[in-house]
């Protein structure tokens, strides 16, 4: 039997579409109508919420999600990205219900623009800044390495928009080392990229979040009063007003159970 | 135009980078393109694929591996350190090296196609007219492949201007050194400075459009010449 | 430089090569020695290897083994192979191959600049006028007709001041009108520029017109070679050309007869009458007498419309193994002529070697 190519292509495309359609449809339904009952659950009270989370909070968030879903019948979907990108997406209609930012600036801005309720926001974590090196003996829990100038490059997140970067600048100002170190700065677009620079050895040392610290290498836990507190705020977004899951998760974040998880990842909580 | 100093520095740096990369690629890409066009060796397939890799590989993948390779633990990094050149990431020349990989197929392929289109016949004719290989290259291959070289230049330049993924990985955002326009726009979006981002993005869009317009108008003219039936 | 002296005034081409295309292999194996002067034609059907042989001599094929000597210069032997751009040849390709990025003048200058001998302005003008291309100088190749391109290709090859001109079926891609246009130029070239020529063709007509020496190829091998007359009047001429068996001779015009519009041509003491095509007295013409246009008679048949009757003696009779004909060679005064007759006639007339015989020549082709 002779098959001609157009025929085969048509058949393949039809099958692909057939398979994809149901998936697309169900996703669309879930996103468009977060308030209505989820047809797959047993409990008519359970709902689904979409949570946008700043990248630096990946590890604690994974645990929080597991705990939350174990405790309740609700489900949540999580998207990780930089706070700036998530902000841009939210103001352009992305279907998120809760936003965990890396700072307070973006939640403020969202409230200003009416995308979030001013009463539904709080500081869910406070970041701790450390100076870390992948080399075991370089940082001896003190700023000595900075004063001794025993490094080629120091990495920090871009202070223009990353709170950890701003904190690093605060620290350097405090140590009166800003001008001296600036020629050796290397800026990461995110705290994860900053970590990458140090982990690959391209920067000898770098300012990262305590929660990112791996077991190897050496570090200095910077005293909290050297920098403005890195307060990370969470907001309940406008289109989640009637989403029970979103509301439940928001509350869960304030619970002791959640606080214990967050603290275990080296964040501070009130 | 409302551009800040930071914007202008980024634009100037981007132009410098694109210029440098395009020229280097023309110099090293031309022999590669000609070899690929003419060789009958079995290596042709694999090398064609390697040259074309940056077309399909996500720039961040390329950038990530370059970060590791150029770092103190990687082969390139160790070489540069031995030569007393320090490390390449976060330097202008590190970006140049990264861009050489990234824009390679955009320069090699148009030249390769143009040389292939020339075929053997004009070269044989030239040989019978006492034209030695170098002479044939400059006086027969180059003029006949001119459209390919022009495409290669425009594409190489435009592609490097638009580069982002690689610079993101190995740039380090250093003003006047590695902070190119694409990074500048990215930073503005992150910092919620949308007006600035709009301005620069519009400029980038305009530039890319003009570059491609030039490219296609030039190519059409070349084709028209070929199909003209005289007398 | 090609060195030529009286001892080594020939080209020795013992060449072997094989060409691979897709799944087919073509083997060329040629052993030939031909004079370095005059026009040597390589004749054969398509696929016989003519172009391949030419390319081997020019150095355009890669995998050639053997020996190639041009006079005293060696272009190929076991130890080395001279690259094309160092061989003193001018090559005219079947498809002209003018450079598209240059106009006609540019194409010609390309050759002038690379000639090993300085090209004087006088020579340039001479070539341009010989090929009649002066009015085309500013044209680009895509504006030219096939015939014009070919003439320019020939001019370009001449301007490299080669010691030998190689032409690969230069008239093949032209229609009849164009062929007639270019052929006279080719014929005149030899005289005007005194250049040995190697000319490939599948047309016996062209070859008879132009060549002094012929190499006939079939399936990559030499079937017969020799002077033009030796080859064409031979019984060993390949079967495919058998109907073209002919005698080719140079004759001189000695007389004109205005009344009958005829001219008398003499060759080696023999004379024949030809149609008057405005040949000048004292001029030389090349004549072709097709063997099947020659009939034999035991007597001098004066009462016949055949004008040209020559007396001679039968020198040889070669029977054709297939078919009904035989080739009879007749000794005329100082020269020979061939006639193709039926074997039956030979039998009927009891023709034998040594016999006196009258040849009747029905028609003579004047080749120019």
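Every chain is named by a letter (A, B and C) in the order it is written, and numbering of its residues begins at 1.
Here is the rule we use: a contact is a pair of C-beta atoms (placed from the backbone, for glycine too) under 8 Å apart; a residue touches a chain by one contact, two chains touch by 3 or more.
The shown structure was predicted, so the numbers you read here are calculated from the model rather than taken from an experiment.
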Neighbouring chains common to chain A and chain B, by label: none
Chain closest to the assembly centre - both centres taken as Cα means: B
Distance from the mean Cα position of chain B to that of chain A, given in whole angstrom: 35
Inter-chain centre distance, chain A versus chain C - centres from mean C-alpha coordinates, in Å: 88
Rounded Å distance, chain B centre to chain C centre (Cα mean): 56
Junction residues of chain C, two or more chains touched: none
Complex contacts: residues of chain B adjacent to chain A: 67-68, 70-73, 86-87, 89-90, 168-170, 172-174, 183, 186-187, 189-192
In the complex with chain B, residue positions of chain A that touch it: 82-85, 87-88, 105-106, 109, 152-153, 155, 158, 160-162, 185-189, 193, 196-197, 200-202
Chain C contact footprint on chain B (complex, rising order): 121-122, 124-133, 135, 139-140, 143-144, 146, 225-226, 228-231
Contact footprint of chain B on chain C as seen in their complex: 58-60, 83-86, 89-91, 93, 95, 97, 99-101, 110-111, 114-116, 139-140, 142-145, 156-157, 160
